[in-house]
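For reference, chains read A, B, C, D, E and F in written order, and residue numbers begin at 1 within each chain.
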Amino acid sequence: MTNKTALVISAHSADFVWRCGGAIALHEDKGYDVTVVCLSYGERGESAKLWKQEGMTLEKVKAGRQKEAENAAAALGVSDIQFFDLGDYPLQLDTDAKYKLVDVIRKVQPSFMLSHSQYDPYNTDHMYATQVALECRMIAQAWGHNPGEKVLGAPQLYLFEPHQTEQMGWKPDTFLDITSVWDKKRAAIECMQGQEHLWDYYTNVAENRANHFRRNSGGQAGGRPAKYAEGFQSIFPRTVDEL
Amino acid sequence: MTNKTALVISAHSADFVWRCGGAIALHEDKGYDVTVVCLSYGERGESAKLWKQEGMTLEKVKAGRQKEAENAAAALGVSDIQFFDLGDYPLQLDTDAKYKLVDVIRKVQPSFMLSHSQYDPYNTDHMYATQVALECRMIAQAWGHNPGEKVLGAPQLYLFEPHQTEQMGWKPDTFLDITSVWDKKRAAIECMQGQEHLWDYYTNVAENRANHFRRNSGGQAGGRPAKYAEGFQSIFPRTVDEL
Amino acid sequence: MTNKTALVISAHSADFVWRCGGAIALHEDKGYDVTVVCLSYGERGESAKLWKQEGMTLEKVKAGRQKEAENAAAALGVSDIQFFDLGDYPLQLDTDAKYKLVDVIRKVQPSFMLSHSQYDPYNTDHMYATQVALECRMIAQAWGHNPGEKVLGAPQLYLFEPHQTEQMGWKPDTFLDITSVWDKKRAAIECMQGQEHLWDYYTNVAENRANHFRRNSGGQAGGRPAKYAEGFQSIFPRTVDEL
Amino acid sequence: MTNKTALVISAHSADFVWRCGGAIALHEDKGYDVTVVCLSYGERGESAKLWKQEGMTLEKVKAGRQKEAENAAAALGVSDIQFFDLGDYPLQLDTDAKYKLVDVIRKVQPSFMLSHSQYDPYNTDHMYATQVALECRMIAQAWGHNPGEKVLGAPQLYLFEPHQTEQMGWKPDTFLDITSVWDKKRAAIECMQGQEHLWDYYTNVAENRANHFRRNSGGQAGGRPAKYAEGFQSIFPRTVDEL
Amino acid sequence: MTNKTALVISAHSADFVWRCGGAIALHEDKGYDVTVVCLSYGERGESAKLWKQEGMTLEKVKAGRQKEAENAAAALGVSDIQFFDLGDYPLQLDTDAKYKLVDVIRKVQPSFMLSHSQYDPYNTDHMYATQVALECRMIAQAWGHNPGEKVLGAPQLYLFEPHQTEQMGWKPDTFLDITSVWDKKRAAIECMQGQEHLWDYYTNVAENRANHFRRNSGGQAGGRPAKYAEGFQSIFPRTVDEL
Amino acid sequence: MTNKTALVISAHSADFVWRCGGAIALHEDKGYDVTVVCLSYGERGESAKLWKQEGMTLEKVKAGRQKEAENAAAALGVSDIQFFDLGDYPLQLDTDAKYKLVDVIRKVQPSFMLSHSQYDPYNTDHMYATQVALECRMIAQAWGHNPGEKVLGAPQLYLFEPHQTEQMGWKPDTFLDITSVWDKKRAAIECMQGQEHLWDYYTNVAENRANHFRRNSGGQAGGRPAKYAEGFQSIFPRTVDEL
């Protein structure tokens, strides 16, 4: 029998760690195969610490960022991590790059996908990645694209937590309890040597999202005792058999 | 062992039929006890056909409307239907009426609640009912309200489908397959003798929502074959253990 | 044969002049009977100039404001102006006052209604007036309210231009050419002796709205040469036989 | 004397049928010349049924889709239908393609234009088509684009009804009575052999939009007895001489 | 010479501590006189821990809550704290209570005001408090309200940070560096014995808002090194002499 | 010591005059060096009057528009004006053009930036310019873009006033008193010989924005007596030491 699967589309190579590392580790624990696609390394725009070092080059930055991301992926138990190396600040995908992403989507056949918020005035790569995720999801559903391949169903696209959520118009509708895998997420976070200033920031986020989890699962009258959580916004409606 | 429970707050006595009759019947089938509170009969504003009859009085209209609602409730298998008889067009709840609704909420301890859209320029009773539902949910959670009673947890409030959805800013995030109970919903609908012009309207709605159900569960590549569905908008985020 | 009719619901006694004086005069010219209801005189909150005079009393302010409004109404050719004298800052309508407004609505049977924007953080009376207008429109449609009276159809509710439009979230979807009646509107404006600082302001508004009228009717390639215009936002969709 | 004209910009070759077939037939009946531009055939993404046939090729799909669209256009009495064959899933227009569309716009000089909703996470071709429609409308208004040609005025852009309206943030502000041409629209719909599952869906839509037409034209107190209707959202404000 | 002043309107007696304790302490340090009005004690709805104690009464809860709030106010250096004791869950203000609040506003003549978010489906008291704050600000500006008193100018109304910001549609447009007074805020927080579960939550918030402060003041290229911050949303536009 | 600086990004060569001419002149007076980048001349789409002349060519239009813009810039005291000549209707920037803009941003190191509204269905060049402004701001912040150059901090991006503000969803949060430099702005406006129909329009705007300035700085109880003002919408939150 085939495992269930999930797909993360990360604009830069560290995004998947901060924003959905818990979801990845948790679903791997549940038997999912999670694939992570890093569209770029964030080599130009999200590697300030490296660029401040003497004699730094683009290739060195990319190599360093890839190593960090691989370490983090290993800490989370990621099944497959792919680096598309498409450049950042700005990130751009031509038709070939989009079709390459479609190939991954079709191969993975994810139960759900994860990507960035739909608006981000600080970082246009982020919103562009989600625009591309929606476009490629649509292409992957087309019976006339590479006829004969298995077409995609209708997986949910969850938007993971951006930095400065309110500025992005991001509103979580789903909180996931990641208490059981928190140690893995923290370990993955600590792989990000270049962004140590964010370690405690995202630990704070996880603790506070757990408060939201407790409140929304019952508060002081029956809430579930989550210690760490992540929030997600759904693009598409759910289909259910029970409310 | 106690059954699971749900609570419907209906501004007028027919709203629960058109808007969530399927959800009621389905959850009754699953063993839930569903309570319906009709805040008014819709006796002034939603009984045009009766008022066109010779010699009609307010009491006759209310009696007729109550009978229809009871018949519809029976067709759906409703566990309990209560008529608060608070008047309509406009509907108004004073503090006593609100506390009476809080009493019901606490007694039922619903897993989820159902009410109207948050905006309705055609029918201010509808949006007022939801405003009251949120206020009473809050009161029911207060440890200092009737201390000693069991306080309410954090049930979801689903907004059921209004008439002219787009004008109300209502956006469904959850589609429920009601195929298995469609006959009951149609039977309940046909109890509404005074509003026969809506029978086919809401049958069309159920058929088209099933199309949305199929699309969002996989479309032409694996969608579930629902024939009738209902849509709901959630006010609060969900708390989950798996995406 | 009966004339067509329109109804303006004005929170304070000067609002109808600045915000829809052109629409009133134009429709009177077209044979409409326009009724204006002033819910209050704006005696407490919009009469600063009067209150700065020695020995001023509430009754004197109200009398002065009524006189100004009557003069303005005469300048515009208003068919009927009614002063409900309900108090301002804050404006409040109890059930009796609402039913009195319903009586007017039913008597007038307006082809369309006019009132304030739905949001106004500077002036809560304004948004309250529109909330009441929607509620009373609904009551006037109820067959069970004063059975036997002619019930209301489904007149459009236009929201006239508030001060500081962008802060109110007001977006005009309809521009009306008031060039032919501009002299009447300016004359009505000049009846507002207590608010002379607004005369030129609303003249500027009328000139600039005419620019919008010209642009949206064809711009430099066929636009209509309006010199003065007013803007309105519609609450309800239109029903048409031609796009 | 020249006829009035209208222009439909359809992302895929079937969109114009479901979404504004009634408007097309009605305006043709009124003496308009309606031009339809199909930017693509929907050959890759909206032809699942054809692709499930043995030995299917892209050219065969396109030919079949063109034939269906021509038949539907004939049923509606379309004056002119043009196939730009730009590819779908994703649809893309380079500068030449945009200028070709501008040529059509200028030649037609439409009284109004019709295209898709501005947001569609399921189908990025749809929102892209509207983005292009706005861009090309702007270019067509430029006196410096092909100087000497007749520049475009300021036609309304109506957004026709998308599938799953609420998910698209589409809000109709105009309902059109299409009762008199319903037979033509249904005939056109039945030309779409590959999408039989949508025939009844869009018949339901037309019936329910007629309910909205009746409500908004007066409801139970004077509403017009439309049996079939279509809804549209306007991008630009109207300019009028009477409210 | 008179000090500058500010006014906090807090629905329940602890809200001012979590949400703007830093702003209070900081402005007191700058020489402002800050007045805090607690509309209720939160005695019914926000005192679960107390109600779980044996033999608790409403009066005891209110006394305990008042003591905590006074201690917190002292820790922050609040100039004046007033308890209106209007009841909570639900909070309600009649005309007299509103006029009492208007009296405070006029007496304080605040440079700016602080209150809750405009939407809060979890806690209708919060959004009601802001609705009242806007209404009373308007009344305080009326020359005809208690003629002879000094009328209010146009102070900003800042909305302080709600719990679960994204669910409230709250978007901060102003970040305030509270590093210099953090010890006072933490001390005030620790006065809230009944809500110890929130101490670390709001410490996390302050740390993460400082990250936002640093980012928005220059990020890794010149950002200011704030360690603790608070965020606020403005209702009204600013008037400035330099951008 | 170095002057403070600001940067205006104008889609067409006249936009900076109407929309922020006052802000430019005022900040030049305060010692800022203001740089204006005109991405295009508006030669195709905003030069109707020129194109109506006999024998007009694209080069002549561009030369004329450049001359007008230079004159206006001189009237405002602009420190530096640059013409990128990228074409208009539609405006398009390839990677090289974007990097050229990044070079300017980095060289100027602006305290704040100014550009168009984020939505404009009439003029897609306008919203595209702002999209590009955000993208280039991001690139200018990247340590890996032209390593060694001084990277950009986090300047505010103010959106200046579009034509038909409400249609663009533009909401000003900042009003700037430009009374002291009004003569310069009017002189600059009068340099725009081809758009004389807008001279009075934008004078009306400046007068009415001054009314908003007065209201928001205190109204009839202390407002500042501005005679001319401009409005701006901020994209990013402010970081402050005092509310």
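Throughout what follows, contacts are C-beta pairs under 8 Å (C-beta built on N, C-alpha and C of every residue); 3 or more make two chains touch, one makes a residue touch a chain.
For each chain, UniProt lists the protein as follows: A, B, C, D, E, F = PIG-L family deacetylase.
Quick caveat, the model's predicted, so the values are computed rather than measured.
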Subject >> Any chain that touches subunit C (PIG-L family deacetylase) and subunit A (PIG-L family deacetylase) >> reply: B, D, E, F
Subject >> Any chain that touches subunit E (PIG-L family deacetylase) and subunit A (PIG-L family deacetylase) >> reply: B, F
Subject >> Which listed pair, B-D, A-E or B-E, duplicates the contacts of B-C in over half of its pairs >> reply: B-E
Original post:
For subunit B (PIG-L family deacetylase), which other chain has the most distant CA centre?
Top reply: F
Original post:
Which one of the chains is farthest from subunit D (PIG-L family deacetylase), going by Cα centres?
Top reply: E
Original post:
Between subunit D (PIG-L family deacetylase) and subunit F (PIG-L family deacetylase), what is the gap in Å from one C-alpha centre to the other?
Top reply: 37
Original post:
Between subunit D (PIG-L family deacetylase) and subunit E (PIG-L family deacetylase), what's the gap in Å when you average each chain's C-alpha atoms?
Top reply: 52
Original post:
Residues of subunit F (PIG-L family deacetylase) that touch two or more other chains: which are they?
Top reply: 48, 122, 141, 143, 167, 172, 212, 215, 220, 231, 236-237
**OP:** So, with touch as defined above, which chain pairs make the list?
**Re:** A-B, A-D, A-E, A-F, B-C, B-D, B-E, C-D, C-E, C-F, D-F, E-F
Original post:
For subunit D (PIG-L family deacetylase), which residues are in contact with subunit B (PIG-L family deacetylase) within the complex?
Top reply: 48, 122, 163-167, 169-172, 197, 200-201, 204-205, 207-208, 211-212, 215, 220
Subject >> Complex contact set, residues of subunit F (PIG-L family deacetylase) against subunit D (PIG-L family deacetylase) >> reply: 43-45, 47-48, 51-52, 56, 58, 61, 88-90, 121-125, 167
**OP:** Using the touch rule from the top, collect the residues of subunit C (PIG-L family deacetylase) that touch subunit B (PIG-L family deacetylase) in their complex.
**Re:** 98, 131, 134-135, 138-139, 141-145, 147, 157, 235-237
Subject >> Sites on subunit B (PIG-L family deacetylase) touched by subunit A (PIG-L family deacetylase) in the complex >> reply: 6, 23, 26-27, 30, 112, 141, 143, 150-154, 156, 158, 172-177, 212-213, 215-224, 226, 231-232, 234, 236-243
